[in-house]
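Input: structures, listed below.
What follows is a pair of complexes built around chain A, which joins chain B in one and chain C in the other.
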Partner chain A sequence: MSQTQSLKLGSSDTSFLGRARLVVARRTEGRGVALLAIILVVVSLTQPLVFTAYPVSLGRIALIGLVALGLTAVILMGELDLSVASTLAVSGVVMALIPDVWLGILAALAMGLVIGVINAFFVAVVGINSFIATLGMLFALRGLAYILSDETPVRLTDTDAGIAFGQALIGPLTPRVLIFVLAFLALQIFVSRVKAGREFFAVGGNRQAAYDAGIPVKRRIFTGFMISGFVASLAGVINTLERTAADPRAGLTVLLASFAAAIIGGNYLKGGRGSIVGTLIGATALGVLQVALTLSGIQVPVQEIFIGLILLLAVTTDPASLRAVLGSIRSVRQGRSKSRA
Partner chain B sequence: MAKETLTEVITVAQGDEQQPSKPRSVLPWMAENGIFIFTALLILGAAVFVDGFASLVNITDVFHRAAPIGIVAVGMTFVVISGNYLDLSVVAQVATSAVIFLAVSNVYGVPIAMLAALLAAIAYALVNGIAVGYFKANAVIVTLSTTYIGIGVLRYFSGGSIFFGPEDGPIRAFGTAKLGPVPYSALVLILVTLILAFVLSRTNFGFLVRSFGVNESATRLGGVNTGYVIVGAFFVTALAAMVAGWVLAAFSNTAVSSMSTGYDFQALAAIIVGGTSVFGGKGSVLRTLLGVVFVSVLTNILVLSNITFGYQQVALGILIVVAVTIDALSRKVGTR
Partner chain C sequence: MRRSRIGLASAGLMAVAGLTLAGCAAAEEEVATEAGDTTEEAAPAEETFDVYALLPQGNDQAYGTTYLPPMEAKAAELGINLTITNSEYDGDKQASECEVAVAAQPDGIILWPAIADTIRPCLEAADAAGIPVWVTNADVNPEDAPLTYGYSGTDSYGQGAASAEIMCEIVDGAEIGIIQINGVTGNSVATLRGDGFRETIASDCPNVTILAEQPGDWVPDKSQIAASEMLTSVGVENVQGMYAADDSMIKGGIDALKARDLDPADFFITSIGNTFLGNPLVVSGELDGTVFQSSSWDGENAVVGIYNAMTGATSQGRDDEGSVLYMPNPKVTAANASDADVAPEW
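So, the complex of A and B:
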């Protein structure tokens, strides 16, 4: 009996279908692909304008995706960076305040790195849970953005640079989309081919084991938070250039969508499992959804309900969550049958 | 995860044992008792140095502003102690309760309005509690999503408009009534605090909430349906947020979907400053009340000194990080 089973398994392993099944089982992007498929089908039936106006959709995907990419680096290690939206706002304001564009961009990106270092210091050295540490930073940085900007949007001094930035560079692709593609490729290579990036999975999967194996856990946590801070400030720079003004309230709508993109893309919140490709799939799904909702004339509050529901769905349909629910249902049933007997 | 909580338990246990034998370590002592001294110093300093702090009008105003935040904070203490960080959706819950309360009471009267607000609170508690307790999802992300869903639903149905209460009637009478310098809303805060302090420290449910925060897997192995405990903790928070919404609506006699912005953050600051640990298991409702006094007085001083909103946010953010740092470092000292 067991022999035939193992034989069957062995034979299916070598066949194309068996190998495909193995690959699918190992991947984490299943839910993201499912959501993307549903959204693409519904949108192509109801609002095909999303695909004809693809530069708009691509810009939206790039905006959500860029922040989500940085988040993924942190989530892979089982941490979370809630401060990304505020980092985006504060670095945008810093950039607009400096008259010279290039100096402003440099200062803004440096700001993002410093914020990442501060976050990582509290998480890795002091030992505060990253949810609480970055929540404190979320409010402190938002306050800093208000202070620096006097609570009003700051106009960019060099508006020509901003207008030039909005023009399509290669074909219909704007610099924003190109930067997103470059960031995606860089992070994908870093996480899958570079040793330091591969170690992110080890740190997230089992921190003690990673430490025992000689992986510099603290340094990896610093790397991760610096990536997410840098990428968030990059998004702030892009936003400021495209709008030729920096709003201290920027990033509030991006926060929810980028979390939803990273989590529905299969990045497990406790760390160790996930992929950059999954985040791209999640960002595509949410970007297309947002553009479709906007084109259909649906109000912002209703859009937030949609994205909030997707985030709730994403965080509760994680394999571990489903297992927990099945476990508790089973234990309730067992308890009932025992009490009956 | 299980191993982490286990080491947490050991840390807590060792910290408690070593404290009497090590009176010289400052940090654990400060994490334990610092809030009493800081609150006293803050009030004293404010009374001496800040113009207009020690006036009767200002003190009544502090009470008025502290009451709804305080009611939210003492309720949210349950979620924090159960080891689930916080409930961000209290912002949406307070606004929902306030808007429903005023909008419905204008048409159908106060009792039906209270009932309608209760239904909303039950919905929040069930969604948050089931997602966190049974699906084992992360509390921060779950409550972040329910915040946006809740505010979105509220703004959609209210159209973003402001609701006004009647000029006279029971709600207005309650909102303006005072006992000496103390408004009725502050009395509600004290009443809620006493009830919740009793629930947390004297009832079976309170014991389960605390033991869940100390060690989740041990509590489950002890035969406790942990999902039900978490749903219960979110119920306490939702009911408190509902009462806070009533009090806020009665005081301002208006209700709008954005009226409770920042409550999540101020309530968390009060809880953490009061000495309840974000690592779960340790803390009390009465300490949270003290934290509320500290945060309210601090905010009042900043407002009286004409310090802008941005600086206030920075100050509260730093306050949270510092308080958590002291808590985290005191645990490290305890294990040494």
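So, the complex of A and C:
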């Protein structure tokens, strides 16, 4: 019965509005867009400097967003990668320890890929839950960063190269922002236009069905974790160049901000639903908000309350969550009325 | 229909969030304006200044909690509008906050480096924008000092050395082994205090051997665990003393001794801070000595320093008289722990 109805709806509603409604219904970025719109309006009224000093705002968005983009590849498959912050730190240290900048960059990026392979091995081959496997890597890599750096920040041999890297390259855009844009485009094309990328959704949506459909699930998990590791190490390279030194404690605030950006952007932590565009929207919302709060001189604890509330709003306003809450309320009410009767 | 209701509910929640954001931002602005009005009245100079204070801690830590009020009071007195940030010792976050501060083009920046090695680009950006930078609490690296207008705060190396001098004095030539609890790894204050203690022990009393070192991250609980682990690894029977880079950490170390039914009074123990935690330990005899540090002096002089820089009293570099203001750090032992001039502040 319901199948017939949906078939009728699908075939009859072919107008522009109907098709637009269908497209909107399929997208997961709605809440992120609404939140971003509100933030942009409020910030434009209270802290217009956020927009006039847009290179700074773009830099903050790229700082939060780059790691979040890589993380999204894993989240789409219903997995987590808690090791991204430590990957960022250890990659930066590896890079700074090598006197030749280019060789250092290559070694750091290779390190990110290797970390991704190890994470994926534990998850896809050994069968350990990704939360636990990457939690272990989080501690192991942080320890490795401390050992390699002798527990102190490692300065780049060529600090001038680092300072030059932080300067604007095209107009007001720094290499960090340009790399972020390129990473976004590459990942967006990968998950929306490339077969292997589109299969991430199938792996996250229903793993057994993905196996049955002949999708190489293990290979996809390896690909996802390698993307996450590579992008985190890329962020480590950029941070090290811009700061002219690698800090073994780097990335302490990156992990939570990256998850927040992905969640605000509508990515479903259990996998199968979400988008790279959503993560970009989430990172933009968070970045703009953080710059505005910093300019306002609002203390960190208050900033954390803001971000926490927004995260809660993003999660609780998910249609599935709302339906679940409404369903629970309804069943509680029905239970009470039955017991009264 | 149900979908539209859900949509409406979502929009409602978003609107509430937006209004809350707007309300809070407006409230902050009002507070800032009020502070600005007050400072205008209290300022000895006619001019008012906008200053960003890029700090790595604030009300989230004991020192920051008592550092901020004197800083804000002094700023109000001198007609300075302060915008304070807290990077929570994250170098990347502080660098990003510095970019925001430079974009806002204030009259000056007070900088307490989270990680001294990563602060050079921030100093370069401020220099290019013509914004004077005054360093507080933890100095920048010597090669970066010419980009700043001066430094006020502790001589962190000297504090570690002073704590070592107390240790050498009380040990009085005896051959002993001690354990060392350090601050957050990579933090410049932690590094300098550790170096000051270690090198002074090596030069002044080589009869004292540092058997093991572990970070306690400025936190008592973590320090207790670190001390307990070191006692196990080197053997309690080999340990006769303990040093921690901070009073809150020595509290953890002393608790580790007590947990093993050991009397702290039987050990040679020194620290740094003379805080509300450390001073009573000195009075009770559990802690043999500590080094006084004034958070109010630190906060006030950061503002005085940037005021001097903005009004031209000090120029860029460290050549001017008054471009380096070291906080007095007297040693505190049982003999003077109850004196008013070393009363704990934090």
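Everything below uses one rule, namely that the second predicted complex is superposed on the first by the 322 of 341 C-alpha atoms of A that agree within 3 Å, B and C clash if a C-alpha of one lies under 4 Å from a C-alpha of the other, contacts with A are read in each partner's own complex, and residues count from 1 in each chain.
To be clear about the criterion, contacts are C-beta pairs under 8 Å (C-beta built on N, C-alpha and C of every residue); 3 or more make two chains touch, one makes a residue touch a chain.
Bear in mind the structure is a predicted one, so any value in this text is a computation, not a measurement.
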Fit-or-clash call for chain B and chain C when the two complexes are aligned on chain A: clash
A:G143 touches, of chain B and chain C: first, second, both or neither? first
First (chain B), second (chain C), both or neither touched by A:L269: first
First, second, both or neither for A:L309, with chain B first and chain C second: both
Partner chain in contact with A:P301 - chain B first, chain C second, else both or neither: both
Which superposed partner A:G171 touches (first chain B, second chain C, both, neither): neither
Which superposed partner A:L80 touches (first chain B, second chain C, both, neither): first
First, second, both or neither for A:I128, with chain B first and chain C second: first
Touching partner for A:E151 - first (chain B), second (chain C), both, neither: both
Shared chain A contacts, counted only where both chain B and chain C touch the same residue: 146, 151, 299, 301-302, 309, 316, 322
Residues of chain B that touch chain A when the two form their complex: 1, 3, 85-86, 127, 131, 134-138, 140-142, 144-149, 151-156, 160, 225, 227, 265, 268, 272, 278-279, 308-318, 320-321, 324-325, 328-329, 331-332
Touching residues (chain side chain A, partner chain C) in the complex: 31, 34-35, 38-39, 41-42, 45-47, 49, 53, 55-56, 59-60, 63, 146, 149, 151-155, 159, 162-163, 166, 239, 242-245, 247-254, 289, 291-292, 294-302, 306, 309-310, 313, 316-317, 319, 322-323
Contact footprint of chain A on chain C as seen in their complex: 3, 6, 9-11, 13-15, 17-18, 20-22, 24-26, 28-29, 32, 58-60, 82-86, 88-93, 95-97, 99-100, 102-104, 115-118, 120-121, 124, 184-186, 191, 215
Sites on chain A touched by chain B in the complex: 80, 82, 122, 126-129, 131-133, 135-147, 151, 208, 256, 259-260, 263, 269-270, 299, 301-305, 307-309, 311-312, 315-316, 318, 320-322, 324-325, 328, 332
